[in-house]
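Here subunit A shows up in two complexes: once beside subunit B, once beside subunit C.
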Partner chain A sequence: MKRIPKLALTVGLIAAVYGLFVAVFTYILHLPVPASVMKMYMFFVTVVVLLVMTSNEDSARELVAPLEALVYQPRLRRLRAAVFIVAPLAGFGLTYNVTRPTLDAPLELRTVHPAPPNSVKVFGKTYNLLTLENPYRAKEKSDLEAFRQAVEEGKTVYFQNCHYCHGDKLDGKGHFSGGFNNPLPANFTDVGTIAQLQESFLFWRIATGGPGLPNEGAPWASPMPVWSNYLTEDEIWKVILFLYDYTGYAPRVMKEEKGHS
Partner chain B sequence: MKPRNTLFTLARRVLAVSLVALIFAVNGGVAFAAEEAAVAPAGETAIAPVGQPAPVLTEESYPLLGGGSSRVKVWIVAQLHLFFAAFVLGVPIFVLVIEGIGMATGDKRYDAMAKEFIKISMVAFSFTATLGGILLFLLAMLYPDFTVYSLKIFRPILIAYALLFFGESLCLYIYYYGWEAMSSGFGKWVHLTVGLLLNAAGMTLMVLSNSWATFMMAPSGVTPDGAFLGDVWAVMHGPLWNPINLHRFIANIAYGGSIVGAYAAYKFLTAKAPEEKAHYDWMGYTANFIAVVGLLPLPFAGYWLTKELYAYSQQMGITLMGGIFAWLFIIQALLIGAIFLGANYYLWLGLVRVPGGEAYRKAIGWMATVLLVCFLVWFTPHTIIMTSSEIKALGGAHHPVLGALGVMSAKNTAVNIMILTTFLAFLLYQRAGKIPKVGWARGGNAALAALFAAGAANIVTLGIYGYYIPANIRIGLSVPQVFTTLFVIAAASLINGVMYRGASETGPTRWGDMPARSQYALFLLAVSFTWLMGLMGYVRSGIRQHWHVYTVFRDYSPDAFTPTLGYAANVVSVTVLIFMAMVIFIFWLDNFSRKKAAHK
Partner chain C sequence: MMLSNAPLAQALMALFILAAASPASAQQALTPERAAKGKAVYEKRCAGCHGLTGQGDGPAADRLRPRPRDFKTAFYKFGDTVFGKLPLDAAIFRAVAEGLPGSSMPGWKDVLREEEIWDVVAYIKEFSRKFARLKERGEKLEPLEIGTAPKLTETDVQEGKELFLKNCEKCHGKAGRGSGPSAVALKHDLGDRIWPRNLTKGWTYRNGNSIENIYRTAAGGITGTPMPSHLESLQPAQVWKIAGYVDTIVQRERPKTSEVIIGKPIEGAPPAGPDDARGAEAAATLIPLVGQIIEGERWFTPTLDSVQVRALYDSKMIYLLVEWDDPSASPLAEPNDKFPVNEPDAFAVQLPVTIPAGMEKPYFLGGGQNSPVILWKWTNGGAVETLSSTGILKAEPFAGPAASALSANATYVDGQWRALFTRPLAGGGDGDLTIETGKYIPIAFSAWDGNNGEKAEQRAISIWYWLLLEPPTPLTVYLWPAIIGLLIAGGELWLVRKTNQHAHKKE
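== the complex of A and B ==
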């Protein structure tokens, strides 16, 4: 079998990886890779392929030989002229496409994890979020019946107020979720949401809603209501219990993680 | 000089290792042992303060010096000081080890290389001191109230700091200028002891100055309004002190290795004689080895630091990893990936200089594929920048597949596999051109393959399992993943070492027979390390946000805001360029002095 020239192999490999991404993500999964990520992926795919192709002298020489020939060989004069005209034009076209004004909305570099303040003022009181704990959490061990009762009440609060957006399976796919663009209602079953957070964080988020999000990372464009205007403190703690109970996650407890303390 | 007997050699090796262990024990160990000592976090004490509360300032409290931002002036000088400090603290650690190896093996080449390494750090040492002085002047001029507040609290250790600095300088000069005078017999032991003292002084300086930085991030030993409680140990021994100490100790070694690697590359590329090329090729190889050895445990030290940071303040932790600074961690991932790729590429090219190295070339493609896949996972952001049409096509801002790669389960898995792959590349390089004489070589190879496969399978399984459990348990999974990696490295080194003991060689290593691009890989390592330090240094300092001392001493200067990421990246990049220019000057100075000497 005839050996594939190194330059062709290099270009072929890079193209094949790109094709694989498009085939798998766009056509099989129907979840296309966003251009910002694809550019990073393909840049490093190209780098790694080039590193492998130049990892020994023979291979490196074979790779650059056609390029050297293109620059130096008199017999390739016409091809050289064509490349030297087409390549800058291609660069020009690429630059034009990247920089030309479009009617698309500007890109948003949004932070999905708002950092909580140290304290929050709601219900006429100031809560220290570093030390705030769910008053019902201790009942999970001391009085299971009362704990289950609180979870049930939290469930009622959830289905009366939250499920329209966050969904009856807590997966962020409620009736109204299709009306939102960015951010979408949080999916509580995702390991990346409440499973990573302390209950005090949820208390802050629910109590102050979209308007309570910090300036950092703005604009948030979150339509989440300020629930402290509609729910009692007790109801918020109970609905938090329900979120963890339904999803099976345990709230993050920093003291336990410290280990040595 | 040949060692007299095996016992003597062993004793010397044990001593060499002990010297290093002692340095760490003297500095870090004391702190670790006192882990349970009383720490008084802000707001949790009834002890009457002995100091005044932190002052409440106005914009007028901050004198200006010429045009431009005061913060940027301090930022650039502090960062340059830290670049040089990390270098001059890291180099003596491995110089001492290399000198010890030279003494134990009787191979004079190690001794010569150790001396050349320390020589490079001599000019850097004076730059460190000069920049430290400028930093102090700038702080006193531009942030007088903050400087006075800090000095009042840290007063008891300032004298110790000055004396240690004097002691470090003294040890360094004796260590370098006395190298030849104390090159044999008892004198060599004295020389090693001076090297040990040099390291002890340097490391103690580092942990003392670390306590200033960690106090600003996570204050302890003061009241909620910043009044000093009178116990400077409680102030120093804050929740982030030991994580930073360990992280910087390891990072200094890696960083020192990368900079001397760049020096070796510079010398290699400018060398004309083959012997000179061979010498600097060997030096570059050793430096790359040191940098990689330092790099491998660094992510784990980083995890510990971040974990403690989260435990100290959820707000700080989220700002760091999920909030405004999260994108700098993507850049960090790219740079770490570039370091891994550079180090691996250097090892692949190294096969060129080993007769028989061709046999392992086939493995390069596979190792590169594994590295690439892990690298892509490693830097995939959790929050992806998308155009509105892409959001519509996906049905939301969250990418169900790629978004899942943005969490720590995927990252930990990827970095552990990258570390194992890098170690495998090193192992293959070690085996290249050697034929084992033991009868169980085939079985040994099978055991090695099984070890790597089982290790990788365990790491990947733990990573996938992490997606199905809550966060507080998932974080704990990084521990068995790390131990799997370390176990595979230790066990494979042992098996391979025993298997290739007394192996026959297909030919001598052709030192100096390396393509020029391999040396640019060494430059890449040095620049990437420096950039990484600058960016992460900014993150470490920046998460205090509008506080001089987090939550107790507010910053009222016009710069009391978090700059945009692009602006911060520009400042860091300019700082890196200045540092690199200074480093090239040091390299050039060495060539210049040799030219003069040759001329005479």
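== the complex of A and C ==
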């Protein structure tokens, strides 16, 4: 059996690792391949493969032999001419691709769930967010009828005020979400929003809206209204009940939180 | 309980047998059991808009236009039957599954199974006695015949255009943008104000925008609205020609929105006005507009849904060309007595006072207490002004020493406003923006449809976008690639020489 030429082996190995990365991202992680991470990985992979391939003088010579041949073998004259013309052009093209002015929007990173403050001042009161609880939550066990009534009232609040953005399916796709699309209205059916949050966090976010966010949350960009301007404290607690009731999620509770930290 | 109502039960039985016997496989038997199952789905998913009693009066209803359908009167708009008739079950199913684009009615097939959709269709039909009565009389609904679209020649389409101008223009307007003379005075049969569709925006058609769909709407009309059936006055062949013409003016897909409005450098004569062909040299960006439902008196029912923006600049000035469809140029010369509101149309461009260095910007809605913005505001029949604003409720005439000279020139043609804002790049002084090339500048827009009663904070708004005046490409962009290319070529020559020497030595 003929041995695979060293050069082909090197190129093949690097290509195989690249293919593996792409496959893992697309088929297993279901994520877009992050270009910068990929560049870094591939740089290391290339270095390692080259190190291995040139570990002793013989194999190093074997590796560059075909390249040497390309430069001086008379029978490779045509190929040589082609490579010598294409290589500088490729260098030009690849560099231009980097220096070329791109007119894409600047990258803006915003923290979706910034750390809440310890307390919040609204409705002329100060609420301690560490201990704040939904006054209706206990009724779920003690007085189911009153609880259902509160959920129903929360639904009315939601359909009068929130569904334009957050959607009547609570999926963040209300009929105004096409205009308020950066940041997008939260999708409450997603496991990444209310399912992870405490009711006190929601109270803070709903009462103070976009402008109540700390700077890392980009308060200037969020169209989420300041609901203390339009709703009562009672209505906010009820609409929170509705969000959990409709989606079937349970709010995260304080005890669990304490246990974690 | 249901079965004690004998005629209804009979009717439903008849319906059951009919439906079961019908060869259309998708057609489901809408039994009372089905309807009973549909109740739970309805109360969870639909009642917020359509109301618990199905009368289109859920908590959201007063803030939606068009209003959610009232299932009791059963004026279904898209029933696949002719004007005034009840809808086919399959048409109701389609509306529920696919939704009605351009309205707040979403499609439900992503959260409801097909079975559940049939259940809820059975349930909403029970809100109206009309379906049962139809059965009692033993009548069957006649679907509107569409057949297949005939091949249309250019002459046919031309003829279609003339027929359109005769039959449709009074509502839909000359260019189909919904700006006909009757457009400002149309009412739904249940009393709400409604507007004719802007036929150029295919993505807002409720019932599909293929040529067959257009034929079906034009032929059958839209029950409960002033849009009549055209089958009494026209031959089907003529309606096909009209549909063929509408087919040439409809843009089916909504254009993609870009976050950056790229301003083109121009040389020579600047655009003289909003209709100057030079405007078209810059690429257009379509920016969505939605109701201002965040501060002050909220505005849930805007008529304007987007604005198209282009930017040009030369060494001294910036030219911002904005175009938006509006069903009327208000204030109207003769206000109509059905809807006497008659505020002026207006448009505003919002910019920061200084170009932000980092990520932080002024609050997108009219700026904030410590982060003012400026507005360039044009009002139909009024002044063009620069305003300082520290909040949407706090816009005042420019506060600094002097705002840079702003002018705006607008025309209204067949349902479309086009306005050209012109201003020196240099700001007038303290608190006025100086526009620099190559910098990303936050920009946002507001539009008011006066005939819809919009004024002050009650308006259509956008979030922040970016304005970027494309800088002339610097030489370094080519320099580095050239250096790299030459280095590679040099390296090659060196290699060749080196190897040749090597070969010589060996010999």
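FYI, the second predicted complex is superposed on the first by the 151 of 261 C-alpha atoms of A that agree within 3 Å, B and C clash if a C-alpha of one lies under 4 Å from a C-alpha of the other, contacts with A are read in each partner's own complex, and residues count from 1 in each chain.
Rule of thumb we're sticking to: contacts are C-beta pairs under 8 Å (C-beta built on N, C-alpha and C of every residue); 3 or more make two chains touch, one makes a residue touch a chain.
This structure is a prediction, so every number in the text was calculated from the model and none was measured.
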item: Which superposed partner A:F92 touches (first subunit B, second subunit C, both, neither); value: second
item: First, second, both or neither for A:D143, with subunit B first and subunit C second; value: neither
item: Contacts of A:A105 with subunit B and subunit C, given as first, second, both or neither; value: both
item: First, second, both or neither for A:G192, with subunit B first and subunit C second; value: first
item: Partner chain in contact with A:E152 - subunit B first, subunit C second, else both or neither; value: neither
item: Partner chain(s) touched by A:P116 [first = subunit B, second = subunit C, both, neither]; value: first
item: First, second, both or neither for A:A221, with subunit B first and subunit C second; value: second
item: Interface residues of subunit A shared between complexes with subunit B and subunit C; value: 104-105, 108-109, 181-182
item: Subunit B partner contacts - residues on subunit A that touch it in the complex; value: 25, 29, 31-37, 40-41, 44-45, 47-48, 51-52, 54-57, 60, 104-105, 107-118, 129-130, 181-184, 187, 191-192, 195-198, 200-201, 216-217, 249-250, 252-258, 260
item: Interfacial residue positions of subunit C with respect to subunit A in the complex; value: 44-45, 48-49, 58-60, 63, 103-104, 106, 110-111, 259-260, 262, 288-291, 293-295, 300, 359-365, 368, 371, 440, 461-464, 466, 468, 470-471, 473, 476-478, 480-482, 484-489, 492, 495-496, 499-500, 502-503
item: Subunit A residues touching subunit C - in the complex, by the definition given at the top; value: 68, 71-72, 84, 87-89, 91-96, 98-101, 103-106, 108-109, 155-156, 158-160, 163-165, 167-169, 173-176, 178-182, 211, 215, 218-221, 223, 225-226, 229, 246
item: Touching residues (chain side subunit B, partner subunit A) in the complex; value: 35-36, 307-308, 310-311, 313-316, 318-319, 321-324, 326-327, 334, 337, 341, 345, 348-349, 351-352, 358, 361, 364-365, 368, 371-372, 375-376, 379-391, 393-394, 396-403, 406-407, 409, 466-475, 515, 517, 551, 562
